[in-house]
Structure formats: structure tokens, C-alpha cells
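Next up, some structures in C-alpha cells.
The following pair of complexes shares a single chain, chain A, combined with chain B in the former and chain C in the latter.
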Partner chain A sequence: MLNVSNLMVFFENALALNDFSMEVKEGQIVGIVGSNSAGKTTLMNTLSGLIIDMRIKEKRRGGERITVYGKVVFNGEDITETKPNDRVKKGIVLCRERHPIFPESDVLENLKIAGYLKKASRVREMIDYVFNLFPALIDLKSKKAGFLSGGEQQMLAVGMALVARPTLLLLDEPLLGLSPMMQNLLVEAVKGLRNNSGITVLLSEQFARPVLPMIDYGYVLENGMLMLTGTGQELMDNPEIKAAYFGV
Partner chain B sequence: MKRRKERIDRGIKARSEDIFALSSYREMFYLLVPRAIPVVGLLGVAPFLSPYWKEVFISTAVYALLAISWDLLISAGLVSLGQSLFYGIGSYVAGALNYYWGWSPLFTIPVATLVGGVLCTVMLLPVLRLRGIYFAMVTLVLPLMLMRLVEATRILGGTEGLTGLTPFPNPVTSFYIIQIALLIALFGFRRIIDSDYGLVIRGINDNDRSVMSAGINIYWYKTQILFLGASVGSFAGAFGTHVDMFAGMPGFALDYSLLPVASAVVGGMGTFAGPMIGAFILVPLSEVLRALGALRIVFYGLFLVVFIVALPEGIFPYMQRKYHQFERWVEIE
Partner chain C sequence: MLLGTLVYGFINSCILALVALGFNLTFGISGVANFAYGAIYIFSGFLTWILLNSLGLPYLLSVLISILCASCVGLAMYYLIIIRVKGLALSEVMATFGLGLAIMELFRYFDFVGFRYNLPVFFDGSVAIGDVYIDYQRLIIVLIAVGLTLWLYLFTHHTKIGLAFRAIAQDERTALTFGIDSDRIGALSMAFGAGLAAIAAIVILPLGTIAVEGGYEVLINALAVCIVGGLGSTVGILVASVLIGYAQTFTANYLEPHWMMLVSLIAIAVVLVVKPSGLFSHQKELEERI
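Moving on, here comes the complex of A and B:
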């Protein structure tokens, strides 16, 4: 479904991603695991196309020059230079890190904004689906999103991404700042997405413990370099991963 | 073979960043040149200018002062669209002191600087809690309001204004007074904003809640910056009023509000030198274009648009980067 080959991303002279290649097959949950500054967010921005926007903005401000080399192929089509809005139309939807919601609007409005370009009936359908997935949001329907707790905001953020009807959902650090209980809830929801709706999920995360058991395939990044790949089980059995991420 | 352009600090920049800058004349020269250019440029050109261009230079410097004052306010996140408030208040205070009590410019200008600063600060104090566009709206409205107040109540000369004020002894004096004031504002404000105090100011612009969380009363700091900015604007007004020998409603004109903003955008915001350079391009340019008559504004606007599209970061940050860094092609893999 998604093929990334020899991706290199420079922020001015700093190399954020170095010769990174990966593949995501349809119906899989693929995980990118790595510590801070591993290049997870850069990868997500490159896949969603946000980096193109960042590149233009930085250039206009005379800021850091962003250079991208390599190839991103989605369903057989080269999308390396495709704009982020066109990528969403193709089905790649990113849920950015740190709860990207509209704090001044209420929950229902947030979901409606996310589906603005879709047909009203489809949006209603998707909103029902989101409320089904996260029943906790139903009671918060008309509450301002800015006053939601971190976990509720993250649920809403994932819900917003879903309303845009992705075929490939990119989740950037979905567990950031959530309690273990909330983490479990979200992990179950992501599993449900794959099993019930057939949405392919690519998620990046620092917390390997809740993530590794659910992924079909994983990539371990460190300082922009690909260190290890394997299925979730293989990665969990790897002694280095055990030492670095599980403290065993 | 793929290539990309690399941006690297010049060796001399790295060397001149610490005490070793003093070890060779080359490094000292490197540090000195950018700082010497405005000093020599502003103070040294006087003999080469015709009387007409001297006048232009003086009014340019007045706009540059207003632009620098605008830039100081923007460093603290205060978007001001009312530099003419500062200019007008300064001009009326100095004008009134001179007109009614016969004070000489030697006293009216310093007093107007301080009193103008305090008056403007007090006037804007209630809206200091507002941010962004709300603060901007109030600063935009206040000078227009004061203008109508003068017109309606006929105080301070009403629509006629206060005329026949004491001029400066000669054009050379006024020329040097404004240039030196401009240099003091430029280097002084740069010093302030580079200090730890400036760190707080820039922090307020960046994320005021974080600054509050550090136990700092941001409104007190905003008040101080507002007073500094307003004082500089009032100085420009007091100076301008003695140059024109007139204080009146035109002091609140929109020109004094908008040109500083345009200068800052052209020159590069938050750098102080940028807005000054911007003013020194825009004001003389508008004089040169005077020959075109009504088409002047068209070309002026066109220039602004082209400039903002082509170099959105501003002239000064661009020059700064070229001075400190070089670029070269490198091959990857």
C-alpha cells in the first residue's frame, strides 16, 4: 500500500532521517518505535506531506532550509511532491502529536470541521462510528474541546482523523501524556479500527510496551537511522529492545 | 549524484563570538563594521546633502524612530497601529509648553518625551491585558478620537493648531539631534532586548502564560516596554513639532501609524536595525516618486507588494545571514 524508499530529510544541515525505507501492507498495523529525536514526527510529516508546507513557510521566512530526498509511493503512485490536502483526498490522514484539536469549538463541531469536505450523510455516519468507538465522547458532545482532559482530547483527535475517512491512518504519538488505562483504551480502539473497518494504521510511539503487542510489523528508529525491523513478536523478543524499552 | 546546498557559519563568525575576537584586528574589524555603518552613515552624510535632502533625511529619521519604537512594542507582543498617538501627544505637549509658557526646545523636548510617555502609557493601560488585534484596534482608534476631541472642543488651537513655535537654531543642529537620538534608540534597544530583561520581554511575546508561570508579572513588564516605546514616539513628535514650528491635528495623521509598520515589514521585524533601514528606503522613495504625481501611490504600493513577496523575511535578516554565513553545494551518498 505504502512504499517508502531511501528517504532522507535535512533540516538545514541536520540530518533528521537517514536513508529510511519501509513498507506498509494493506490491513496492517505498522509501528515506528523510537526515543525522542529519532525522526518519528519528521517521518509522519513527510508521509502526510506537511513537510512540503513547512518547507515553503521556512523558505519564505528565510529560516531553515528543508531538503527531502527519496521516494514515497502510495498505491503505486509517486506522491513525494503531492500537497498535503491532495494526500488526504487519496486517503492518507495524519493525526498529529499533542492533541491537535480546535480548543474553542465543542466536540461535535470539531468532528464536523474535520469532515467539512465530505457529504453530510457520510459525515453523520462517521461521527456515529466515532461515538461508537469512543463512547466517552458522547456525553461531552457540546463541551468546549479546550476543556477536555488529555485523554479525551486524544480520542477526539483520532476521531477527527477518522471523519476524514482515511484508508491509511497515520497516528503520531497517540499515547503521549495518557495514563496506562487510557493507553489501553486507545490501543484497543486502534485494533478495532483495523479489525472492523479495515483501516491500515501507521503509528509512531515512544512507549514500546503497549504498542509492540498489537503491531503486525515494526520499525525501530534511532537518530534518524533505521536500527531494527521485524514483526511485533520478533521485536519484543529482541534482547536489545528488551533492555532499551522494557528495562529488562 | 544528489546535491544539496549547505549553509555554514563563516569561520570568522565562530572565532569572533568570544574573547578571542580581541586577538586580531581582522576579527575586531568583522565585528565593528556592521555597527559602524549606521553611525558613520547617519552622522557623516550631512555635508553631502542639499538642503532639500537634509529635510527629507530629518523626516526619514523621525519615521525611523517611530518604526524602532513599533518594533520594541512588537517584541513584547504588543501590535500597535497607533504610533501617531505617541507622535501626536509628544508634539502637542512640546507645542503647548512652547506656545503658552515660552519654554525653549531645550526643555520642551525632554519634558514632552517623559510626559508623553507617561500619558500614552496611562491611556493604554486599561487595554494592556488585551492581545493582538484587540490592542491594535484600540491604538488605532485613540489618535483618531483625540483628533476629533481637539476639533470639537477647540482646545490647543483647535483645527488651526499651535503655530509660530520656536524653531531649532539652525538645520544642522536639528539634523544631528535626530540622528544621535536615532542611534541611541537603535543601539539602546538592541542592548535591552539582548539582555536578560529582553529575554523576559521576548518570552511574553512567545508564550505569556509560561512567563506568568515563572512568577513574573507580565503586565508590569508590558507597561515598562509601553512606556519606553511611547517615550521614543513622543520624542519624535516633540522634535518634529519644533522642526515644523507647528503642533496640530496632522500630528495624529494615519501616516505616522502606517509607515512605521510598513518599514518594519520591509526591513525585518524584531531587529530594530531592520525597521530603520525600511524607513530609510520607504520615505526617500516616496519623495523620489513625487514626480509621478497621482501615480505615486500606485508605484509605492507596487514596490511594497513586490518587496514583501520577494523577501518576506525582510532586508536586515537577509543581510545578516549573508554576512555571517556562506553556502556551498555538498554531495550526499
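Moving on, here comes the complex of A and C:
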């Protein structure tokens, strides 16, 4: 479904991703694990096309700050230079890190905005689906999103990404800042997405413990470079991972 | 005298709100302070006059063409100029202010000066409230100001493009992840802002003559209302329009009419010293910005 080959991203002279290659097969949950500054968000922004948008806007102002090399292929089509809105049309939807919601709009309006490219009837269907997935949002639908708790905002953010009807859902650090209970709820919801809706999920996370058991395949990034790959179980059994992420 | 001041203060408030709506809409969504706003206002007035008097088109058709042309000017401004400097506040101000100056001074250069440049009122006649007479044109201004404010609210809350406006205004990068094209929405916000400037010009200008200086006045009034209310805050804009509108009318009636413009300038200076982000800047964080 998604093939990334020899991806390199520079911010001026700083190398954020170095010769990174990966594959995501349809129906999988794939994890990108790495500590801070590993390059996880740069990868997610590159796959969603946000980096292309940032580069275009920088270039218009006369700057040449961002450089991207390599190739991103989605369902057989080279999308390396495709803009983010066209990637959403193709089914790639990113849920950014740190609760990407519209704080001054209420919950229902946030969900409606997320369905910008979809027909009104499909948006209504998906909003019902999101309320089934996260029933806690039903009572909050008239509340401004900026006043929700971190966990509620993350539920809303994932719900918004679902309203956009992704075939490949990119989740950038979805567990960041959540309580263990809320982390479990979100992990179960992501598993449910793959099992019940067939949505392929690529998630990045620095917390390996809750993520590795749920993924089909994982990539470990450090300082923009690929360090390890393997199934979730293989990574959990790896002594380096145990030492670095589980403190064993 | 007092009833007249109250009634005309309200009408003046509506005029200020009408003038500031487009400026505020563009800023609230694309973050661009369009300093060519006054020039677009005057451009729409002169264009309507030319279509009506030089080309002999019907008034309604002239009005519609002017609004459409002003919107196209806004659209072209975005794609030809703003897109290259977006995010660089000083460059945005210089580019829009420079363009505004060029448009207005071109009209002066081509001798669009004098009392013959005026637009006809929509309807002749007046009504009386007590012993205060109000002409129909001023009533139309009030109706259009109230109607446009309501329409803007409904548009931005209940249409797909309106919701995209609100999304871009709040978080452009998150909006991009849902397929909202920030350039398209930015260009539309400029077009809508320019269209609103044209509507304001076409309903307000029949009260006087079309003059290049009017463009500068409109820009100062729009800036005063937006600075006092808090740039981007619709509630702030409405309250600031009432405050400045009544202050101007009381000044004109009880002091000197030519001091009216001083009210706007003093309001800008005082608010910039006391609360530079505007009176409703805190509320703006909590309430809708559009």
C-alpha cells in the first residue's frame, strides 16, 4: 500500500531523516518508535504532504529551507510531490501530535470540518460512527474543543481523522500526554479500527510499551536513521529495545 | 436633539460595522491586514459610476458587476501578490498599502475629482421617528449591515466553505490535514473581503460624493473599529462600531462635525496605548473569531 524508499529530509543543513525506507501493507498496524528528535514527526509530515506545503510556502518567500529526496509511493502511484489536500483525497489522513483540534469550534463542528471533502450524508454517517467509537464525545458535542481535557481532545482528534475516511491513517504520537487508562482506551480503539473497519494504521510513538504489542510491524528510528525493524514481538524481545524503552 | 443623536448614532454605527466587516473577515481568516481595502471601496464606487453613467448600464447590473469586479481584484491580489509574502507581516502591509495608494492615486491622476461623481440613492423619500427624519438610503444601510452580519454568521457556521474559513482561521496546518486548501481559502477570504468593501461602497456612497480621500477615511475607520474591537473578533467589531459610531455622532452634534475623524484617530491611539490587542482580544480566544 505504502512504499517509502531512501527518504532524506533536510531543514537547511540539518538532516532530519536519513535514507529511510519502509513499507506498509494493507490492513496492517505499523509502528514507528523513537525518542524525541528521532524524526517521527518529520516522517509523518512527509507522508501526509505537510512538508511539501511547508516547502512551497518557504520557496515563495524566497527561502530554500526544506529539501526532500527519495520516493513515496501510495497504491502504486508516486506521491512524493503531491500536495496534502490531494493526499487526503487519495485516503491518506494525518492526525498530528498534541491534540490537533480547532479549539474555538465545538466538538460537532470540529467533526463537520474534518469531513470537508466528503458529502454531507457520508459525514453524518461517520460522525455517528465516531460517537459509537467514543461515546464520551456525545455529551460533549456542544462544548468548545479548547475546553476539553487532553484525553477528550485526543479522542476528538482521532475521531476527526476518521470522519475524513482514511484508507491509511497516520497517527503522530497519539498517546502523548494521556493517562494510562486513556492510553488503553485509544490503543483498543486503534485495534478496533483495523479489525472492524479495515483501516490501515501507521502510528509513531515514543512510548514503546503500549504500542509494540499491538503492531504488526515496527521501525525504530534514532536521530533520523533507521536502527531496527521487525514484528512487534521481535522488537519486544530485542535486548536493545528492552534496555532503551522498557528499562530492563 | 437627543433622539436624533441616538438614531443617527445607530446609523453611523451600522456604517462603521459595514465598512469594517470585509477588512475583519480577510484578517480573521488569512491573517492578512488588507491596507488596499479603502482603495477597493473607492474603486467599486467609481466603477459603478462609470458603468452607470459612461456605459449607460442599469443601476442593478452596474452594482452587481462592481461587486464581482471588486471580488476579482481581491482574488488577483492574493494570487499575484499576497501569496508571495504571506506570513511576513511587514511585507504584507507594504504590498497592500502600496497597491492601495497606486489604485487611489491613479483615479486622481485620471481626474476622477469633483462633485459630479456620485451614485443615486436606491429609493427617494424618508420616514419619521418622532420628530427625527431618516431617509430610505440610511434605512437600507441599517438593513444591509444587519443582514450581512447575520448572513456572515450563517455562512461561516453552516456551509462547507464557511467551516473551512473557520478551520483555517484557527489552525491552518490542521486544516490542511483534512484536505482544506489554505491558498484557495485565503484567496476566497480576500475576494469576500473585497466584495464586502464593494457592497459597503455601493450602499454608503449615495449619501455623498465619490472621492479618492474617501478611501483613506474608510481605511482609517475600518482600522479604528478593528483595532478597538480586536482584529479578527466579530463581537469586538460590532461593539467597537457602536462605541465609535456614537462617539462620532455625539462629537458632530455637540462639538464640531469636522472633528468626527479625530474620534477614530484618538480611539486608535488610546487603545494602542492601553490595550494594544483590542478591547475584546481576551474574548477572541474564547469566542469565534469570524
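Heads up, the rule we're going with is that the second predicted complex is superposed on the first by the 243 of 248 C-alpha atoms of A that agree within 3 Å, B and C clash if a C-alpha of one lies under 4 Å from a C-alpha of the other, contacts with A are read in each partner's own complex, and residues count from 1 in each chain.
Definition applied: a residue touches a chain if its C-beta (ideal position, glycine included) is under 8 Å from a C-beta of that chain, and two chains touch if they have at least 3 such contacts.
Computed from a predicted structure; not experimentally measured.
By the touch criterion defined above, A:221 lies against neither chain B nor chain C after alignment on the C-alpha atoms of chain A. Applying the stated contact rule after C-alpha superposition, one finds that A:201 touches neither chain B nor chain C.
Counting the residues of chain A touched by each of chain B and chain C gives the higher count for C. When the shared chain is aligned, chain B and chain C each come close enough to touch A:60. When the two complexes are overlaid on their common chain A, residue A:50 makes contact with chain C while staying clear of chain B. In the overlay built on the shared chain, the residue A:10 is in contact with chain B alone; chain C does not reach it. Once the two complexes are laid over each other on the shared chain, residue contacts for A:19 go to chain B alone; chain C is not touched.
Applying the stated contact rule after C-alpha superposition, one finds that A:111 touches neither chain B nor chain C. Looking at chain A, you'll find residues 60-61 touch chain B in one structure and chain C in the other. Those residues of chain B whose C-beta lies close enough to touch chain A in the complex are 2, 4-8, 312-313, 317-318, 321, 332-333. Within the complex, the chain A residues that touch chain B are 8, 10, 12-13, 19, 60-63, 65, 67, 69.
Within the complex, the chain A residues that touch chain C are 48-50, 53, 57, 60-61, 83-85, 88-89, 93-96, 100-105, 109, 112-117, 144, 146, 160-161, 164. Partner chain A is touched in their complex by these residues of chain C: 83-88, 157, 160, 163-164, 166-167, 170-171, 173-182, 285-289.
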